[in-house]
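In the two complexes that follow, chain A is the common piece, with chain B as its partner first and chain C second.
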Partner chain A sequence: MIIIDRLCYTSGLRYVNAMEKFVFSMLTLLLCVSSRSVTAAVLVLFVTGILTVGKGGIPLSRYIRLMSIPLVFLFLSTAAVLVNISRTPLDAFAIPFGSFYLTGSVKGILRGAQLILTALASVSCLYFLSLSTPLTDILGVLKKLHVPGLIIELMLLIYRYIFITLHTASAILTSQKSRLGNKNLRTARKAFAAMAGSLFILSVRRSCALYDAMEARCYNGRIQVLKEERPARYSEIFCIAGFEVFLFALIVVLKCKNSI
Partner chain B sequence: MTRKQKKLIAGITVCSLMTGIYPAANAMHIMEGYLPVTFCIAWGVLCLPFAAAGFLKIKKTLAENPRAVTLLAMSGAFIFVISSLKIPSVTGSCSHMTGTGFGAILFGPCTVSVLGIIVLVFQAVLLAHGGLTTLGANTFSMAVAGPFVTYGIYKLCQKCRANRKAAVFLAASLGDLFTYCVTSVQLALAYPSESGGIAASAVKFLGVFAPTQIPLAIVEGLLTTAIVICLEAFAKSELKLIGYKGEA
Partner chain C sequence: MDEAILKAENVCYTYEGESSPALKGLSLTIRRGKRIACMGSNGSGKSTFFLCCNGILRPDCGTIYYNGIPLNYSKKGLLSLRSKVGIVFQDPDNQLFSASVAQEISFGPLNLGFSEAETRKKVQDIMDRLLITPFAHKPVHALSGGQKKLTAIADILVMEPELIIFDEPASALDPLHTDLVHDIIGKVTEQGITVLMATHDVNYAYEWADEILIFHEGRLLKGGSPDEIFSDDGLLRTASLKPPLILSILRNPDILNKKGKRCCPISSQ
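Our next item is the complex of A and B:
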């Protein structure tokens, strides 16, 4: 039902140590966002793309379609960064509008391009993590990082309940559609509200029943399960460390070169 | 054609293009990697007190009543699912609700801030809406600012004994609009305009997102009203469980 969740369970990188994947994607993401270097962004885009598609076995067309999800936001807000409204035209382009100009500068356009590449590279880092690591594994990593137990417990339960709730919602929506519940805007809005209302009632009832069931199995505020240990391999750690150091060095060298 | 007619046609073309290029109007999540690091950290720090207050409140609730844990988790899942489903919108394009305003009316703003953070993490990881570096900024606009405004307006309307439907509608849609304004200001602070600074930039971001966000706020208000009315009619006992006071 949730496409990213389904894909990550079939990924070839699914059984690699979760901490390794987490550290790799977070470090790369941080370097990418903090440096805003175009070269680094292109490199990251390629490396994570090759890892997710090549090693992970996610179909390329799927990956491209997933990458286009945030494009609307990217397109609109970068347009807002590029275009200025002012009385004096800037150096790149200027479209007169009465006494004002819709205008932009060369520097602004370069900055926009840099922004787009950085944002895309960051999204590819996020996808590397979410398309290779199931959420339960990420929760294991968070536990090791000493996130409060209550939050992890809530996250685990919410993750489980999302699928139950989605299933109920889609069943209700299907039956509404089969009765022409979405004939026009008015009925569609009414149907949506009715669906949300009954979804809420069903969820609350089910949550009470679930607590009874959990209590009957000695639930005391923690769901304890045995973790499958997947030890990190030295070769993988070496590769990740090598890549991060290379990326860092590349960024520093480029920065120095630009400042001279 | 006269000049005026030409201008008119150009204007109509721009408008139709504007509505044509919005295939999916999401609530305004700032995407991964879009904000500079300093802003990511600053917004994150700003959210901490609210998250801590919510965390302590949840802890207290659970100490008094351990049964509430499944209820809270189910509420979080409910907010996630409501915000991930397509809603019938004005233009026929698909858009999504924020859901946090609705949560604030039912559960109160402190609880929603913690649930909101978890929901935003799930939205980033499972749906690629928003991101992990922009989590702080998104949390501030969607799980703190929006819900608090919604809750404030809702309580204010109750004090003034305003019409119930109007109260819920105003609270939900103004909360949504406020979220959109906060997000625009966040973007403007990070990317001030070359001519005119932060204020001009905020106006630009507000203008660019207005065609998606203003109809969305109205639809969200209408839907929230319908849902709350529906719940009060059919789910009195369930609402009592989550501590919702209703018309009192």
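Our next item is the complex of A and C:
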């Protein structure tokens, strides 16, 4: 999470209009998920990968590592689709298990592969957005889309406070370590409990102090801040629109071909 | 220029759930356009008093006057007070809420009702003045302590208050940023803004302040010119303060010769 945040500020796409990036990522995500097509998923994976790594300048090894995080969950969840328990063996593989078979069909395996690819492509759309757009810019987009102010303000405060809380936690942990707080399992458990407890108290105290400081600057219940906008470029809008239309057409053509 | 901008009369305040009061009948006068250092040990009531000046805390008894008028704790009264009295808090992490530097600074002026275009100009001006522009594009959580402090000061300066309160502005700063912050505070006073500052740095207070207020156990122990304050040894002992280095040397040049044996000035008896 912190790595993603740090990377997005160095991305080559950071100063591209946030609305463009948001629309691109969301539309592609939507098309990719609704199509359930392997071809579309591979195309999306390819395009977002090129944009994030090639244009954004995110190191390829980093990107692959980030993409592999959801992979574990995906394999675990698609295992249920791949493997069946049945009395009759299916066509792909069958492991006898008493009078039952641990078995799977070719169709099931293909479906599992398609699920994994679609999910990965969707994740890559989200990575594209979060690796190129700082959260404050995304909040600006949400505001334009008339998301309620309360939700946006909450997101802003939560985002800022994730870092403060992590910082506090790591400071406490360091101080515990320097006094042999986790010498063995028993002391480590105790130290962790103490940290969690004091972290809670510190968070409450900090939020009170923050409220005071905001009041001191005439806070009146609405967080108003300047919008930071980059101009949208026609060439970029054109490319995005072109890609989405192409993707949509591709999906439609594939669907028609399959139904024939 | 001797009129009082802020006056406290017999102010008491007890935090909720605490047995002993933080302020016990504090009375003092802040004169317009002056540089005032508030000194005193931790827990002597400086920060509590600052929060009272801005209407964040409402005294249990006693009255605070701003420009001769008692503070008005209605919503409108508080907004008008807070547009004139700004506080730069000690820990910038408790003050900076936004993830973007420019957005953070724009919060105050927008609350004061400036238009977006005016705010944008003000924010840019203040960022140029305080040398923030080079890191303005960074997220707040990636700033160094000194950069956070500068941003916190810009937060308040951009609102153009008449009275600015700095709560230990140089705490936890490296010498470079300490000088930078002191430089900014110097320029602020040149503009005729009244500055109230809590500090433990006797050397800086001696050099900078027109007047020093010594807080002790929720009261004002003494207020006066730096020379008056630092020549009163009994007072310094009560407030656990030491005289500035330069005064110690002037009074007792021998401490320079004893360098090596004892390099730190000891309070002259």
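The rule is short, and it goes like this: the second predicted complex is superposed on the first by the 259 of 260 C-alpha atoms of A that agree within 3 Å, B and C clash if a C-alpha of one lies under 4 Å from a C-alpha of the other, contacts with A are read in each partner's own complex, and residues count from 1 in each chain.
Note that a residue touches a chain if its C-beta (ideal position, glycine included) is under 8 Å from a C-beta of that chain, and two chains touch if they have at least 3 such contacts.
Quantities reported herein were computed from a predicted structural model and do not represent experimental measurements.
Using the contact criterion defined above for the overlaid structures, shared-chain residue A:Leu157 touches chain B and also reaches chain C.
In the superposition on chain A, A:Ala113 makes contact with neither chain B nor chain C. By the touch criterion defined above, A:Ser105 reaches chain B but does not reach chain C. By the touch criterion defined above, A:Ala216 reaches chain C but does not reach chain B. When the two complexes are overlaid on their common chain A, residue A:Tyr9 makes contact with chain C while staying clear of chain B. Judged by the touch definition given at the top, the superposed model places A:Gln224 against chain C, while chain B stays out of reach.
Contacts of A:Thr136 after superposition: chain C is touched, whereas chain B is not reached. Of the two partners chain B and chain C, more chain A residues are in touch with B. In the superposition on chain A, A:Arg206 makes contact with both chain B and chain C. Applying the stated touch rule to the two superposed structures, the overlap between the chain B and chain C interfaces on chain A comprises residues 5, 135, 157, 159-160, 164, 206, 210, 214. Residues 21-26, 28-37, 40, 55, 58-59, 62, 66-67, 69-78, 80-82, 84-85, 87-88, 90, 114-115, 118-119, 121-122, 124-129, 131-133, 187, 191, 193-196, 200-201, 204-205, 207-209, 219, 222-223, 226-227, 230-231, 234-235, 238, 241-242 of chain B touch chain A in their complex. Interface residues of chain A facing chain C in the complex, by the touch rule stated above, are 5-6, 9, 134-136, 156-157, 159-160, 163-164, 167, 206, 209-210, 212-220, 223-228.
By the touch criterion given at the top, residues 51, 54, 56, 79, 82-83, 86-87, 89, 91, 93-100, 102-104, 106-108, 110-112, 116, 119-120, 123, 137-142, 155-156, 159 of chain C touch chain A in their complex.
The part of chain A that touches chain B in the complex is made up of residues 2, 4-5, 26, 29-30, 32-34, 36, 66, 69-70, 72-77, 79-81, 83-86, 88, 90, 103, 105, 107-108, 115, 118-123, 125-127, 129-130, 135, 138, 148, 150-151, 153-155, 157-162, 164-166, 169, 173, 182, 185, 188-190, 192-194, 196-201, 203-208, 210-211, 214, 221.
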